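So, here come the structures, one by one.
Each of the next two complexes has chain A plus one more chain, namely chain B in the first and chain C in the second.
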Partner chain A sequence: MADEFLLQVGGVSKAFGGVQAITNLSFRLFKGEILGVIGPNGSGKTTLVNLITGFVRPDSGKVFYKARNITGLQPHKIANLGLTRTFQIARPYDSLPAFKNLIVPLNSPRVRRTRGGKLGDIEAVAIDMLEEVGFERDARVPYKTAGSLPLGYLKRLELARCIALKPDIIICDEIFSGLSMSEITSMIPFLEKLHLEGITMMMIEHRLRELFRLTDRVMVMNFGEKIAEGMPQEVIENKEVRKAYLGTETS
Partner chain B sequence: MDIVIYGTVNSIVFALIAVGFTLVYGVSRIPNFAHGSIYVLVGFLTWSFVNDLRMNYALAILLSLTIAAVVGFIMYRFILIRLRGMATSEIIASFAVSLVILEGLRMQGIGGFKGFIGPFYVLRPFIEGKMNIWGVFVDFQRLIIIGGGIAVVGLLWLFTHHTKMGLSLRAIAQDERAAMMLGVNSDRTAMISLSIGSALAGLAAVIILPLGSVTAEAGYKVLIYALAVSIIGGLGSWAGAVLASFVIGFAMKISTAMFGAVWESVVLVGTIILILLFKPSGLLGKQKELEERV
Partner chain C sequence: MLTGDRRKKRLDRSIKVRTEGLYAVSSWGEMVYLIAPRFVLIVGLFTLPLVLDMYWQRVLCSAGIYALLALGFDFLAEFVGLVCLGGAFFVGVGGYISGLLNAYYGWPPLLSIPVASVAGAVISTLILLPCLRLRGIYFAIVSFMFPLFAVYIIVALGVFGSTEGISALATFPNIWIEQYLILVAVILSLFGIRRLVSEDIGVIFQGIKDNDQAVKASGINITAYRTKAVFITALIGCFGGAYLSHLYGWLGLSLFAMDFSIMPIAAAVMGGMGSLVGPVLGAFILTPLSEALRGFGQLRVVLYSLILIGFIVYKPEGLMNYLQRKYHQFELWEKV
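Right, the complex of A and B next:
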């Protein structure tokens, strides 16, 4: 693995009222890798995503992206630098047709800049992109309003919206949650393809078995702290991780 | 037949007044309490341009609407941007702007300014005269209100469904956080919405005001109407705003015809109370959705 890193989180802490959501957390995200982030509910995973993407300002610590300090930068600026995310609860624009959901990121300053202002037929580009994440082309699915799509499609739409931004990093916040086994199985190849295309990913996930098919490095969080980091196999052997997950000290 | 025509006109008056308010709230979640003051400001500006500066009527209207848009822009850029997300502060600040404008217009004495007081400030109807529709005499200005209202709602629909800027406004309106993560600048869309919303308040003014005279007091009334429509239709809901305008518009005219004009405001307030009792989120408003886990 190349040791060039895209994202560096240095000693961030965040408390909401009296609750310490994240305590002095540091880690690096290397270029081209898929980093898994796991941990029990309430361990601060989503807060971490919010800290990185600018929705929440850390009480202390810094976030660097491509050697640039992005701590406290507004979310749309961070997104336009090429760091975006999916949401745990799929948040499409319900009343827009599915493909129009992509027109918003396709019109972002970032995409306009990288493509030199010309996109050709933007609607055709959007429909092509939906096909890339597994929407059937001649089916009328891309034209249906997003609100009427089943969850499996919504998650793909969520991913397609991120891809439309041509990002360097995508943070997936529980992209498998709520999906059936077969939906997950059909989703994995698309994530692998993104990985091959060179997009760096960070995946917050509860479905460990499926996650481990994709990642080569995992970070474990509990009560807002990093308790382990490493290869999937060694991480699940880790005593503290087992304790956090199972609540007992089993061997 | 009277009730149908005048009820429709009255309903569209409400819709015109509320549409800008709804746009601003929908996109930026800012309850713009300065809405009514901008309505009145445009009325007086247009009057002054025409009568003091002898300007062409159409040009005067265009210039006033531009000023309204600039006022909306400044209001966001220098005041509301710092209070964003704190609803109570937004209400207080925008109402303060409203007081400054409305009471400023009424102020007397400074620099020989006489203040806009009294019923002398009348905007000319676009076209004089009236016509007979199914036995009812309707003046052209009321027909212009009907046409203008339909045109405004139609153009806004086209703008928000088929233009890039309109789509990013909708994106922010539907889910601010997701839109930001896709690179939409929330301050910019809020600024645009306040400019357009203020211009729409002004447009409502120049279409509606020729029916009566321009007074500062109308600013407070317009604000109350906009709030009434929003409460009944559901805050930020377009279809709700149009539906509510027709509910109020017809309820008021029907009660006037049946019990007399004094009952108009009773019916208005009564409708609000009924809605708050049975569907507090408004006719087409949404309840708060499930929050994400931390």
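Right, the complex of A and C next:
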């Protein structure tokens, strides 16, 4: 594992009214790794994503990305730095055709800058990108309105939106949730490919078996706190983790 | 379906699908099919001044202003997701700036109208800027308050002619210029906005309407884009106001009248939200209608409301969406 870290979260806390969603959480995301984040429902995983990507401002603590303090920066600015996220509940633009969903990120300052303002035929680029994430090229699917697509495609569309930004980090918020086994197995190689291309990932997941195929480091959260961190195997053996999360599910 | 040597042919679906992407038109019939509605609209609007008498020509001018406002309302509500009830604010700001430039500095309308449109749009946008973070009903409420706010400020400070307003502003040389100026403005705004919503920026606007969080996550500053959209609407509205103050050679508090906020919505509902051309058509129907009903006095509002309720209950999609659907399903008989 490289020593260089891309993202450092230092002692962040967040309370919604009386509910302490995250308490003094710190971790690092190293360049080129896939970090898994697991924890029971309501343990603050999604809030953590929101805190990192600027959708929610932490009460205290700091987030550093490439040694730059990004705490409290607006979400679109953070996305433009190459730190992208997917949403747990897919957020497509329902009334637009699927490929037009990608016109939005392709018009972001980051893409314009990296591509020198010249994208050529932007719609062709968008359709290529959909093909890359697993849409059939010649089928009608890319032209259908996103609102009419099944969940499997929407999850891929979420990923495509991140990839369109040519990101350094993708944070996947339960990308496998609601997908069938076959959809998941077809998505895993694609995520591995992204990883090989050098994209650092953080995956929040409930599907442990699939997650452990991808990650080499796992962080476990419970009640807004980090209760364990390490190799998947050690984490599973951890008593506290089993009590909090895994219960008697695995033997 | 066959009857003798003729059969029913559906002309359109395929053309519609093809023309949404690239313009592959293969016959005169298809070209006429595409051009006819636009042609009827433009020629129809431009011949109206020729057939109307003096009184109705004036009505046409104010219908044009309502058409601009309705167009702006439809654009913001259906394509950007901001329900803006501040039509009266745009009219008032544009009208006051243009009128004051004329009254105090003697600028001719030729100069004061464009300056007032741009300056008014900048001012309106800056004032609405803090509210752009609000969504849905909250933005509607705040934008609805601004005209009232402006009226009370003008009255309280006693500036700009206070309650009496300022009369004897420069007017247009003749009624033809009056009419064709506003008609050209309506046509240009209509086709301009239609073009805009199909460009990339229009896709981003639609994205903001559908899901603003996802737009943020795509690295796009939604406030910046909302500002652009509000500016475009304000520009059209302020032009209407500037035009109005020179149409009557008068500026006063009634430029901020609620009519300018409410009527466009009625026109948009009647004409068909989201079709852009519908609200324009709605304004050209509703404004003369409310003039024709003037004889009923206060009862006019009741009749007016009944028409609106009728539309909301029986044709919630509005006139234009209905007509467009029918047009695109157009069937004709052809020889076998």
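Heads up, the rule we're going with is that the second predicted complex is superposed on the first by the 245 of 251 C-alpha atoms of A that agree within 3 Å, B and C clash if a C-alpha of one lies under 4 Å from a C-alpha of the other, contacts with A are read in each partner's own complex, and residues count from 1 in each chain.
Heads up, the rule we're going with is that a residue touches a chain if its C-beta (ideal position, glycine included) is under 8 Å from a C-beta of that chain, and two chains touch if they have at least 3 such contacts.
Note that the coordinates shown come from a computational prediction; the quantities given were computed from them, not determined experimentally.
**Q** Just from the overlay, do chain B and chain C fit on chain A, or is there a clash?
**A** Partners clash after overlay.
**Q** Look at A:88 in the shared chain and tell me whether it touches chain B only, chain C only, both, or neither; answer first, second, both or neither.
**A** Touch status of A:88: first partner only.
**Q** So, A:46: does it touch chain B (first), chain C (second), both, or neither?
**A** It touches chain B, and chain C stays clear.
**Q** Which partner chains sit in contact with A:55 here, chain B, chain C, both or neither? Use first/second/both/neither.
**A** both
**Q** Touch test for A:71: chain B only (first), chain C only (second), both, or neither?
**A** Neither: A:71 stays clear of chain B and chain C.
**Q** In the overlay, answer first, second, both or neither for which of chain B and chain C A:200 touches.
**A** A:200: touches no partner chain.
**Q** For A:107 in the superposed arrangement: first (chain B), second (chain C), both or neither?
**A** In the superposed model, A:107 contacts both chain B and chain C.
**Q** Would you sort A:79 into first (chain B), second (chain C), both or neither based on which partner it touches?
**A** In the superposed model, A:79 contacts both chain B and chain C.
**Q** Can you list the residues of chain A that touch chain B in one structure and chain C in the other?
**A** On chain A, the residues that contact chain B in one structure and chain C in the other are 53, 55, 74-76, 79-80, 84-85, 87, 91-96, 100, 103-105, 107-111, 161, 164-165.
**Q** If we count contacts the way the header does, which residues on chain C are in touch with chain A in the complex?
**A** Interface residues on chain C, with respect to chain A: 200-201, 203-204, 206-207, 209-211, 213-222.
**Q** Chain B touches which residues of chain A in the complex?
**A** Counting only chain A, the residues touching chain B are 16, 21, 41-42, 44, 46-47, 53, 55, 74-76, 79-80, 84-85, 87-89, 91-96, 100, 103-105, 107-111, 161-162, 164-165.
**Q** Chain C touches which residues of chain A in the complex?
**A** Its residues touching chain C are 53, 55, 74-77, 79-80, 84-85, 87, 91-96, 100-101, 103-105, 107-111, 122, 161, 164-165.
**Q** In their shared complex, at which residues does chain B touch chain A?
**A** 164, 167-168, 170-171, 174-175, 177-186, 290, 292-294
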